[in-house]
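Before anything else, here is the set of structures, which you'll find just below.
Okay, so chain A shows up in both of these, paired with chain B first and chain C after.
Let's look at the complex of A and B:
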């Protein structure tokens, strides 16, 4: 008798649970699952964007794509951008976190100032940096000339490799606070006893960093790197607004290529194929990250 | 002592260097136009002026964009938080088939690039006759805001001790009653955190706004301000910097009063996963 009422209660709870998750599932199906499936489906068509007319071409889009040097260049650019900006983010982020972990004056103000670029709109960040980069009146060129690092104003965004470096630096400036906050949170949980022990063993500050801090940070760094790699790989706004993929196509990454195919060259089917391939590449990292989170939750 | 001072100076030099672009944005926005072209540039404005702010508000579309952004971000946040709060409650506190897989579908979509979804979404919203409306953007924004909010709220929810709810149930509360009286008050800081993040994400979004809205009446700030840059004949940097400052006002408010909620959100969803 007792068992029976319990299961009835349990069944009612399960029903309630399903009811509560229903809105989520509905919205997910409508705006994520359906578009995702239809992106794959669309990639098998040739569609002209303004009229939305076209026909079935099967795997032709993928065939053209893999034979197109523009795709491979974009993939290479994408990897250079991701690795470049990610490396800078991690180095600056860990460095800054170590500094902010110390007891400096007005620490919370310093932390706010560091955090701000991360939350500011990409549009704002890009406008400000374009003004800093301005060839005639930009402060950066002025400082460079005063410091005698260059005689003539530098074209930061219109020539290579400057454009790539600029994009990477601005990306690092915008996103390194994420690393700072994550690492800082972890640093605060490292037990002081570990440092005391290392000190007694005669380890200097540098040895303590490599022997105590870094091993303790390893797990959180792995997660940060995976997350940021995924986010940087798919970055659109920053690059599109800063250089538009230029000069010519030197900073054109895969997301920019998808956008160009769909809304400038008006080839929706082809663009979907690019998007699907891009997602397939990202899938590797995504699965890696998801599996890691999964095992972490199980333990 | 000297080492301490030296370290502080070193630390603050870096902090100020990182913050310099934002300082420069503020300074440029209050300089008169002619002072921008001074060589060498003045670090603090010789003459202060708010004419750019005035012009921005009186003779550009800025206020319309601002209004659109407020409506858009607020509605996205309200819709997403409402769905995600009950969704997260269900994901954490109920047992049914497919629950685990659903949780990881959420994580998967949270990492999904928006360029993959944008083409089908564009087609879908055009077919529904919703293109060029704020509503179309609210729908599009749920694609990234909902997985994000769910994931964050899920970890906040998991942090609430299960005993609290059980105690309420033993006292004769219904499940929903316990949710309202016990869980929600406990979850409130998490909800505020998540709402702030969702609002900021929507406020800053650019790609969907670029693709889905092509009329000034529905354009949000991001694409609107960018349009001011592209469409003007000669670029007025002070005006653009004033626009940038104004665009960051909600953010500055959040930073001044609610920063602890932001850092809490980082811990919950961003990193620990």
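Let's look at the complex of A and C:
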């Protein structure tokens, strides 16, 4: 009798558990599973974007995509952009976090101001940078000509490798505050005793950075690198607004290619195939990265 | 007191809840009544402050004459309208009326049953009032009109400064490419560049370069719409465009309409390539050069070849998915009513030219400082635009091309320019790649 009552209670708890978790599952399905399955499903069709009408083509889109040199060029460009801007973000972010961790004047103000690029909308940031880069009125060219570093204005966005470098620099400027916030938060939790012990052992500032600070930042850097790599890999608006993928296709990354297929060429099926392949590539690199960092931790 | 009040039988919790529900329903009533009003969404890529003022006037007069109909204006952009409309069409959340898109965009949409025929709007405006042939570019395969023109534009006029020409010892405005090359070479001095031609990966480069192909006697398609971009005219155009690179600012590799216009208006280049918007911009932003500017049709390879003016035929169209088609048609016709239409044209005199004869002859239209100051230029642009073409309508012999919008958006032509001129790629290979891309789009 008692066992029967308990079973009923357990059932009611189980039901309650399912009910409580149901909203999360529903939201997860609506915002993650459904778009993902839809994208995969769409990639098997040839679809005219404005009407969303089309026919079944199976894996033809993937076959065409993998045989298209533009895809491989865009993938290479995507990797160059991601690695370039991520490296700069990490270097600048960690460096700035170390500076802001020191007891400097106006530290609170500086900590607030450093977030400015991250808060500015991408469109505004790009407009400002385009003015800075402008060949006829830009302050960068003006200063360089005045300083006699160059005789003629430099074409920052219309020639290679300037365009890629410019895009990488603007990307790093826009997103490095994220690294600063995360690293600064971690820096503040490192026990002073570790630094004191290192000092007693005769470690200088550089040795203390590599032997104390960096190992302590390891966990947070693993997460930052993973998140920023995903976000940078799929970055669209900043690159599109700065160069439109040019000169020619020199800064055309995979997200720009997805956009072009979907909305310029009206091929939603092909665009979905590109998006699915992009996701697979990101997944592959992320799994590789996580496994590698776990292996290093274990050793 | 209040305790007694709440404990009163007339104010049970249930009654209070019922009362709240009733209040909510009552509050909703006016909203429902408001919902019976129609709100038309109007999209246009033309949204300068003066144009927005004109639109406000047109909207106000329409709303006053049509109680129950509201109009909401939203700006799109020359580079961004295609993706925005693709998303709108696919989601069903379409604007009710779209103006100022190039004619070839309409042909693409109409061919896919996304627009309503426009014959009745044209009749309401007055078919005979349009300039002869003004609506030919909107004639679709089924014999109906997919839209109509709200204006004409001569987008590739050559703008020159007489003061700089005089300083360079030039007395003749260039008519041929050789003369243009010599002129910009002579005027490129003292920090002023010769020309602001676009070399960027964008629609302006494609559209302007198509003009150069025609100015060399070439074409992109045969009249039957077979891809034929690999011809002598294109090769000559590429060669000349490459020669002009040294007379353009370094950043021209990333120029689009805005940058090119600003370069000339600010005085950074000796010549310009644009519509009549130059006139108002020069007068408001750089008055010292305003008395020296003039325009001609863009030079061609030789005088044996006729000038080819790029007219994107700024249009009016109504999406078939609109839930307010009748009201949208009424508003479309209203856009051509003299007071508002004239104010709209005056927002950038010479930029969008009238398509109705009655408007051009209207004293109110002629009574404008810019039009009075530059009568020869405005007349020339009007005449050039009336005989103008674009990729959707390459010549009077060409069939209408409903894939022109996708070809421009694909950047196949601007990439051809970039590959040959910026990258120094082999011309044969670049032309072959461009042909292949365009053929792929034509096959769908």
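In this text, the second predicted complex is superposed on the first by the 250 of 299 C-alpha atoms of A that agree within 3 Å, B and C clash if a C-alpha of one lies under 4 Å from a C-alpha of the other, contacts with A are read in each partner's own complex, and residues count from 1 in each chain.
The rule is short, and it goes like this: contacts are C-beta pairs under 8 Å (C-beta built on N, C-alpha and C of every residue); 3 or more make two chains touch, one makes a residue touch a chain.
From a predicted model like this one, the values you see are computed outputs, not experimental measurements.
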Which of chain B and chain C A:268 touches, first, second, both or neither: both
First, second, both or neither for A:134, with chain B first and chain C second: both
Partner chain(s) touched by A:144 [first = chain B, second = chain C, both, neither]: neither
Which of chain B and chain C A:247 touches, first, second, both or neither: second
Which superposed partner A:159 touches (first chain B, second chain C, both, neither): second
Greater chain A contact set [chain C / chain B]: B
Touched partner set for A:260, first chain B, second chain C, both or neither: second
Which superposed partner A:48 touches (first chain B, second chain C, both, neither): second
Contacts of A:83 with chain B and chain C, given as first, second, both or neither: neither
Common interface positions of chain A, toward chain B and toward chain C: 52, 134, 137, 259, 262-263, 268
Of all residues in chain C, those that touch chain A in their complex: 82-83, 85-87, 89-90, 109, 112-114, 199-202, 249-254, 263, 266, 268, 406, 409-411, 415, 418-419, 422-423, 441
Of chain A, residues touching chain C in the complex: 48-52, 133-137, 152-159, 243-249, 259-260, 262-266, 268
Complex contact set, residues of chain B against chain A: 7-8, 10-12, 14-16, 18-19, 21-22, 24-25, 28, 36-37, 39-41, 83-84, 86-87, 89-91, 93-96, 99, 102, 104-105, 107-109, 111-124, 126, 139-140, 142-143, 146-147, 150, 175-176, 200, 203-204, 206-207, 211, 221-222, 225-226, 229, 237, 240-241, 243-244, 247-248, 251, 254-255, 259, 262-263, 266-267, 270-273
Parts of chain A lying in touch with chain B, wherever the complex brings them together: 10, 13-14, 16-18, 20-21, 23-25, 27-28, 31-32, 34-36, 38-39, 42, 52, 96, 99-100, 102, 104-105, 110, 112-117, 119-125, 127-129, 131-132, 134, 137, 139, 142, 146, 173, 178, 181-182, 185, 220, 223-224, 227, 230, 233-234, 236-237, 240-241, 254-255, 258-259, 262-263, 268, 271-272, 275-276, 278-279, 282, 286, 289-290, 292-294, 296
